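In the two assemblies presented below, subunit A is common to both, partnered first by subunit B and then by subunit C.
The block that comes next holds the complex of A and B.
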């Protein structure tokens, strides 16, 4: 600690490590602050861009809270995916712009993570158009899923529904700040520095509004290529 | 022939069939008095001939009227009219064209921030009334009748367009060749067309769409028999286009494989007395569009615009080894039955085009900098699934074919000379890649409008909330 720092600065600096302060900050200060400074949840998906490289290999991180939050509910979700997997995958193949897609259960959410090219709404619209009613078996198990069923007859609403459950993607620049914070958390034991003041205030409020986010646009081994370009180059047909 | 479409009298005209009138005027209007504007709407369909012009419908006519009159409402317009079902409309329509700028390529010099009045204030653009006529005096007369009593509407701007002879547009191509043909709609010209008939749901709400078993949501009370229009003021840089063709032709003259593009001595098949440079200009222009300037498609006649046997301009598909470039304008905007990445999307993004040039024809002998271009109306039942889907994934990005992905439409794309490219296919071997294409078409304004049915106009006109 630099010389000339008085007891008060020392006290403030120590607050983030103080269990009482941590409790007060997370349970009272942030909720009060968020109430005083309302922040809308940010929309999911990648930000719009005109750069071709930004419009291929886009990420979809779909978090769908299950209605039945029990091992039985999770098993039903696992079965729904397993029983319809072939048709869903065939549908993704027909959409033509999907690199990868997988289903994951995290806590009581059934998640679909995928990497796709081009516009999100085109992806979802073509997906529904090609698989018709199949995805309803998954949607039926999800909170508020009934509001958009059957998907094939509520296409616009279903696209919005998916969009609302797609994680917000923190822009790469802000992520750099967040990465620093993570690094700081990671090295907490060594430095003992867990200074909440260094968390950008707006990010705290944003993460209060968007509890689940994607951090940046992610890593790519071969950026800028569409799924069809990769398939074409590899002679897999497209 | 399928049974005639029974609800034609409920659908506004110019949607299922074009009027083919030589003059058009688009009046951009703001609703200043909700109740007066509602009365004005009611008057538009009152059947009276002494006041506000009557909306022209799709009902078959025995004699073609001298003038036609139609209206479109923006989401701000529906809000100004206090229409109750606005939140049932699709997101892209509610947000409006300027909010969707990045998606549809309106960036840089096309960005909404650069649009002049009246589209610089999208919240005030409520209603676009369109008059079609045989003469300008008739446009004036209909406009006078439409706005004589104010009608709770304020005129923010007017855009006049007129057709050029032989359906030519500013870049010198014949336009307006390929349009969806609809079941049950009389098609007097009966052009041969290899494409399947389009379901009514291509352009009208409440009918089967191009996606089997899939319907668009029909907003309560006002949706049925309605359509959407992406109205665009598209400035065309004719001098820039001509200059680019010159540059490209000069560059090609020095290219080692140029003889594969145009056989030496074959200039005469492109045009009588053309120099090799001038002939190459036409080859480049034809490849960029996918059609020769006279409309003959490269898919049917890749080497000459005057094929020995007459070809039907629309009777082709992009199958096999078609020599129509994958990246050409007509192939990007409508890949027909050709192989595309989005296998379910082949005919699903088709739109109805009702465009007319504005501004004087460009005379290369007397260069000027006057604004000229196209007043484009791009119609469909779902802006997101058709106009936007085509614009963002196909015209720009070129996602439908891995051989053009990463490039934009050579004619209308959001091109930057530093990064743009376009491939000219050769009879054999790899294509010749042209670079340095600038943006030839700049958006100067526009709005997403809803074209309500006659019963929807009646409903809106009778609202009392």
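The block that comes next holds the complex of A and C.
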């Protein structure tokens, strides 16, 4: 092999890690392809399923941008959660379908990550009924939150508002991304005529349209059991 | 021999021939795939809960001697341990009553075909073709389209099934996941550091008569690790690594995990993994103690069969699983492998 070709090949092979190329790819190539082949953000939340095992330990991953993007704004969000601990525990114990819920501040977003059993809309509906005041305190600090307040009186709109902020869950089986995109576009093709090599560009363009995603449906130590079953088997009562 | 068993036997032979045709340098008298392997000895002990799910003898909790054959997926007689390839782990549980049961698993979590007909088509598509190495200009064009450039061939590799498999997967959605995963599967740093999936569905019978559809996999206690993809590839290290690992009294262990399927899951379709949310049960631990001294017997002549099943475990309706039963037997006869001396049935 001529040495010149070897040098050029080495240079090309190193391009994915080359800072200039990475800059060009992210600032020029991705916007260009996003313009040429527009991609809609895929819907958040777990995929619908009729199977019982799919309806336990579902994930909700809410990303809610704060109105006040300063340390004071972030502190207000922290306070809104801290001042409502009793309400949150009372809600958890009464609703009974939640394995855990976490509030996290990332950059200027207040995030709520939870694992729950059953239908998403019923999960939110139950919580609004028991701890609507907590949601109001948090949502008041979030961009466009005022449109659904008070959430107890705007339940359906609030459910939709939450769903729109729930992260897309990238399929556990990588190639199912094709199916998700087809489903969103209304295609019902049972057998694809796909180019498997299109999977990375499709993922890149989806992540361009949808920057916050959950990577898969999560990893569980005791999959397949509801919060109620775990509490019952451990003798924790209800 | 009646007509149906004759037909099965003929189909089995055609399956073996089809697989062999994918490896032009295949050596007669050896396995059609997973040709190069190493036999290891050890024992299996079931977990406390295993017996509540399955009445099979090896799930009762006593120590069960086990023979394992690890292998590289290729049907070529030339060893390339460092190449990205599927690896196999075939396990024989040697039961106290003189019978045996086998569990055959591989590092790929799914298969490429749902039926025998599709498998024939796939083997046709997977015929190796001369490798067209992607030119640097073509790689740049790929990157400009946000695609990953194709991997360069391994040193000395002149023909590959990759292009044909990719083309098949592009036309058949059921094969996509297997082809996609296989393309990036890599090489394990050790046979004892990979997860192996039995892929097919089996039916286990509990003491109360409940029948569950399940899938098995072996998870390495040492953890999963593959070699660095950009590192220089070594052709021959896995056998010695296993010897070195087991010699200083450090056995290698695997946990046998059993995933329980639900109505609606793909019981008869090995191309489709089940959702990660299914109940997973630890069925026991396999402890590997030494590389067998007689490799001709433990690594070559030994013959496994995915349908050699103990009482309490049954094959599902998966057509590929049933085809493998006959194909493994045809392959054994073709290469003069040992029939299972422990199988009285």
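Everything that follows uses one rule, which is that the second predicted complex is superposed on the first by the 199 of 238 C-alpha atoms of A that agree within 3 Å, B and C clash if a C-alpha of one lies under 4 Å from a C-alpha of the other, contacts with A are read in each partner's own complex, and residues count from 1 in each chain.
Everything that follows uses one rule, which is that a residue touches a chain if its C-beta (ideal position, glycine included) is under 8 Å from a C-beta of that chain, and two chains touch if they have at least 3 such contacts.
Bear in mind the structure is a predicted one, so any value in this text is a computation, not a measurement.
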Based on the superposed arrangement, let me know which partner A:201 touches: subunit B (first), subunit C (second), both, or neither? second
Kindly classify A:211 by the partners it touches after superposition: subunit B alone (first), subunit C alone (second), both, or neither? neither
With both complexes superposed on chain A, which partner does A:219 reach: first (subunit B), second (subunit C), both or neither? second
Return first, second, both or neither, reflecting whether A:130 touches subunit B, subunit C, both chains, or no partner chain. first
Applying the touch criterion given at the start, work out whether A:228 contacts subunit B, subunit C, both or neither, answering first, second, both or neither. first
So in the superposed three-chain picture, is A:9 touching just subunit B, just subunit C, both, or none of them (first/second/both/neither)? second
For A:31, decide between first (touching subunit B), second (touching subunit C), both and neither. neither
Based on the superposed arrangement, let me know which partner A:41 touches: subunit B (first), subunit C (second), both, or neither? neither
I'd like to know which partner A:52 touches here: subunit B for first, subunit C for second, both or neither. both
Contact residues common to both interfaces of subunit A (with subunit B and with subunit C): 50, 52-53, 56, 224-225
Given the complex, residues on subunit C that touch subunit A span 136, 139-140, 142-149, 152, 166, 169-174, 176-177, 179-181, 260, 262-265, 273, 275-280
Subunit A residues touching subunit C - in the complex, by the definition given at the top: 5, 8-9, 11-13, 15-16, 21, 25, 29-30, 33, 50-54, 56-57, 172-175, 178, 190-201, 204-205, 216-220, 223-225
Interface residues, subunit A side, partner subunit B - complex: 48-50, 52-53, 55-56, 94-97, 117-119, 121-122, 125-126, 128-130, 132, 152-157, 159-160, 224-229, 231-233, 238
Within the complex, subunit A is touched by subunit B residues 90-91, 102-103, 105, 107, 211-217, 340-345, 348, 382, 384-385, 388-389, 392-393, 396-397, 399, 401-403, 405-407, 414
